[in-house]
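Both of the next two complexes hold subunit A, though its partner changes from subunit B to subunit C.
The block that comes next holds the complex of A and B.
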C-alpha cells in the first residue's frame, strides 16, 4: 500500500516546481466510496490526494484530453509539465503514448504507485448495497478488509477486483520519475474468458455479443475514458465518408465497438477503464483481450514494451504474410 | 383522486388486458441492465429495480427515430411512418414521469413535434420508488419517491397488494376497463402506503439546494470556477444520454442506393461537434464551455424560459460518470462562488 503522507509530500514537491503546471492525482469523491480525479495547482491542493484500491480511474487519459486553443498574438504556449499519479497499467498507457509520439517524455512527470489491484465498483455495490460513506479499505492475506458504517467485512480480493487486475502483469509501473510503495510481484494473464469465447461457434459468438451491443447507447464513454483513444478526430465522428452511421442500432453499434477494438489492436494496455466506464456494462475487455492475445500469438508483440515502433506502424522484410493470398 | 388496491398477483392480468389495446412498454432486464422495452407478455416485465438505466424519455424521444423514408427513381417518393399506437408505460419512477412534464415544454411549441402526439397517446402507470439509490435526490427538485403528480395511475407496492392512485381521466379510463381487478382501498392500506412512503423519503440522503440558483448562475457565467469544474470531465455523453431531461438531437439522412431515411438521433452538448459551425469555428471550443452550458441549460435557461428546473434528481448522471462529476456538488459549489 502507498503511504498517503509520502504521496502528498511527493506531489507537493512536484507541483511547487516552476516547470510544472499541475499534478493529477486522486481525492475522495463526492459521495459514498467514490474516488475522483484531482488536479493540484498548489501544494495545498495536493493535501487532498489519496491512494487506495478504490482509485479506479486511469489518469493517463488527461494530458491528451486538454484542449489547446489557438494562441492570441503575443501569447506563448504553456509548455510546463504535467504531473500524473500512475498505477502499473496507467504507466503502460503513458509508455505506449510515448512510443506513438503522442507525448514526449519531457511533457510529464510520473509519480508511479505500486498497485495491488483496484476494486470493481459494480462488484462492490452487489456486496454492499447500502451507501458506503467513508469506506476504508485495507488488505490482509489476499483479502480486502472493508470498513464502513461501523461494519467490517473481509472479502477475498478476487471477488472484488476489477477483472483486468486479477491477472495483472504490470502491477509495478514500467515508467516513472518517482516510485512509491513496494514493488508488487506480477501475475500471468491466462486469457481464460477469451479462450472460452474462442471455443464457441460463430452463431454462438454472435448471439453472445448481440445482446450486449444491442444495449450500447453510443455515449462514447469507452472512448473518452481510454488513454489510447486520442485521435484528433475519431473515425466515428467523421461525416464524409461516414464510417459508422449515427443510427443507434445493433448493426452500427457492433460496427462501432469492433472498429474501436481494431484501432486499439497492439495498443490497448489492458487497464479496463472502458469496461468500468460503460453505463450499460458491455464487457469490452473481452474483445480487447482477444486482440491482445492474437497480437502475442501472431506477432510476438505486446503494447507499451521497449519496441521502437508500435506494431501497426512496423514493417519486417521477413514477415511471412501468410494471410495475404 | 380515487384510491384502490390491486392484488400483486393480478398485475399480469391487468397488463395482459392492456396488451390487447395498447403498445405496452415496461422495464425489462437485459443481462442485469434494466431498460424500457416493448413487451408482448407480462412475464417480460422486471419491476424489482431501483431505476432503469435509460430513462423513460427513450419511449417518447427514441434514441433513433425515423422521421420519413424516401426513395429516388424517376420520381421521388416520401413516406412518413404511421401515427403511433396508443401506448402504456408501466412501472416508471416518479422522477421519470416528472421529466416528461419538463420535456412537454420543449416539444409542445408552435410546431408539432412527433413527441406531442405520442405523448397524448401515452398513459403513464407509475411505480413508487421504495428503495431509492445513494445518488437519488428527487426530493430536492420538486418531486419525491412517491410523487403521483405526473403519472396517470400510481402504484405503490404495499406487500400483497399495490396501492393504486388514479390521478387523471386517462388513468380512470384505463382502470375502469379492468375494474374487476381493483378493490377499494381500506384505511390500513393507506396507512401502510404512508409508512413506506415516509421510509423511502428518509432513505434519500442527498440534497441539492436549488433556491435562487438561476439568479446565482446569472452572475457567475464568467467565473474561472467553470474551468475548474470541467477539468476532470472526459467529454463523453454518458450523463446526457442517461439524463431524463436532456433532449438534444441531431438529424441525418442515411441512404443506401436509391433509398434512404431522415433520422433523428440523440445528440450531446458534451461533444465538441455539437456546436461546430460549417466554417470550422466552434463557439464552445473547450470542455469548460460545454460543461457550463449543460449546467446553465438545466438551472438557468430552463427556469428562465419555462419556470422550472430541468433536473428531476434521478441521480443517473452522477451514477454513470466515470470521473465523479457530480451535479449536486457542482451546484453546491456554484452557490459559494464569489466574484
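The block that comes next holds the complex of A and C.
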C-alpha cells in the first residue's frame, strides 16, 4: 500500500515545479465511499490526494480529454507538463498512448503507485447495499478489512477485486518518473472466461452475446472512460457516413460492440474501466481479453510493449493467412 | 414476406457482397466475364481501390444490411498496386474473423481471397466456393437490420 503522506509530498513537489500545469490524482468523492479524480493546481490542492483500493478510475484518460481552446492573439500555448498518478494498468495505457504518439513522453510526469488491486464497486454494493460514508479499506493477509460506521468486515480479496485485477500482470507501473510503494509480484493471466466461451458452439455463443448486446443502451460510457478511445471524432459520432445508426436495437448495438472491440485490438491494456463503467453489466472485458489472447497467438503481439507501431498499422509478410482462398 | 425459416435450406440463395480491388480482383472478375466463365449469380460486386481500403465496418454493415456473406479480394501478396495495402487487409480480416467467430457469427461468412487480373478461372472458383460455404451456413440472422429506410 502507498503511504498517503508520501503521495501528497511527491505530488506537492511536482505541482510546485515551474514546468508543471497540474497533477491528476484521487480524492474522496461526494457520494458514499466513492473516490473521484482530483486536479491539483497548487500544493494546497495536493493535500486532498488519497490512494486506496477504491481508486478505480483510470486517470490516463484525462490528459487527452483536456479541451484546448483556440488561442487569443499573441497568446502562447501552455506547453507545461501534466502530472498523473498511475497504477500499473494506467501506466500501460500511457505507454500505449506514447507508442501511438498520442502523447509525448515529455508531456507528462508519471507518479507510479504500486497497486495491489482495486475493488469492484458493483461487488462492493452487494456486500454493502447502502452508500457508505467514510469507508476505510485496509489489507491484511489477502483480505480486505472494511470499516464503516463502526462496523468492521473482513472479506477475502478475491470476492471484492475487480475481475481484471485478479490476474493482473502489471501491478507495478511499467513507466514512471517517481515510484511509490513496494513492488508487487505479478500474477499470470489465464484467460479462463475466454476459453470457456470459446469452447461453446456458435449458437451458444451468439445466444450469450445476443442477451448482452440487447441490454446495451449505447450510452458510450465504455468509450468515454477508455484511455485508448481518444479519437477526436469517434466513428459512431460520424453523420456522413453514418456507420452506426442511433437507434438502440440489437443490430446497431452488435455493430457498435464489435467495432469498439475491433478498434481496441492489440491496443487494449486490460484495465477493465469499460466494464466497470457499463451501466448494464455487459462483460466487455471478455471481448477485449479474447482479442488480447488472439493477438498474442496470431501475431505474437502485446499492447504497451517496446514494439514500434501498434498492431494494425504494421504487418509482417509471414502473417498467418490460412483462411485466404 | 418470406422469413428466413420459411425458405428451405436447399432453395436458399445467399446474398454475397464482394469487395474487389480495382487493380487485380476487379480485372480478374472482368476477365471471368469476358471469357464467359460460369459462376453463381449471388455475388454483388463493390469495387474498391485496394483491399486495404476495406474498413471492417464495411463488412459489418454489409452483414447488417442483408448480405449473408462477404468476400474481400485483393492482389496477391507483393503485387499490390500500393505495395502493401493487401498485407494490412490480411491482418485486419484475420482479426475480424476471430472476433466474429467469438461473437457467434459463422466464420464462413467472411472470406478473403487473392485474385490477380489474369485469374478469371480462379475468380469463378472462389465465387463458387464462397457461395457454397454461405449456402451451408444459411441466412444471416444474427444482427440483420429489421427496419429499413
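What we mean here is this: the second predicted complex is superposed on the first by the 318 of 325 C-alpha atoms of A that agree within 3 Å, B and C clash if a C-alpha of one lies under 4 Å from a C-alpha of the other, contacts with A are read in each partner's own complex, and residues count from 1 in each chain.
Following the convention adopted for this analysis, a contact is a pair of C-beta atoms (placed from the backbone, for glycine too) under 8 Å apart; a residue touches a chain by one contact, two chains touch by 3 or more.
Quick caveat: nothing in here was measured; it's all calculated off a predicted structure.
Contact with neither subunit B nor subunit C is seen for A:182 once the two complexes are overlaid on the shared chain.
Legend: residue contacts after superposition of the two complexes on their common chain; A:265 is shown touching subunit C, with no touch to subunit B.
Look at A:223: by the touch rule set out above, it reaches subunit B but stays clear of subunit C. After overlaying the two complexes on the shared chain, residue contacts for A:19 are found with neither subunit B nor subunit C.
Legend: residue contacts after superposition of the two complexes on their common chain; A:190 is shown touching neither subunit B nor subunit C. Of the two partner chains placed around the shared chain by superposition, subunit B and subunit C are both touched by A:247. Of the two partner chains, subunit B is the only one touched by A:281; subunit C is not. Looking at the shared chain after the overlay, A:158 reaches neither subunit B nor subunit C.
Of the two partner chains placed by superposition, A:104 touches none, neither subunit B nor subunit C.
On subunit A, the patch touched by subunit B and the patch touched by subunit C overlap at residues 247, 249. The part of subunit B that touches subunit A in the complex is made up of residues 30-33, 35, 53-54, 63-64, 134-135, 205-206, 228, 231-232, 234-238, 240-242, 250, 252, 254, 263, 265-266, 268, 271-273, 285-287, 318, 320, 322-324, 326, 328-329.
Residues of subunit A that touch subunit B in their complex: 29-32, 34-39, 57, 61-62, 65, 67, 69, 131, 211-212, 214-215, 217-221, 223-225, 237, 245-249, 273, 276-277, 279-281. Here subunit C touches subunit A in the complex through residues 56-57, 60-61, 64, 77, 84, 87-88, 90-107, 111-114, 126, 129-130, 142-147, going by the rule given at the top.
Residues of subunit A touching subunit C in their complex: 197-198, 202-210, 213, 235, 243, 247, 249-252, 254-255, 258-259, 261-262, 265-266, 287, 290-291, 294-295, 298-299, 311-312, 315, 317, 319-321, 323-325.
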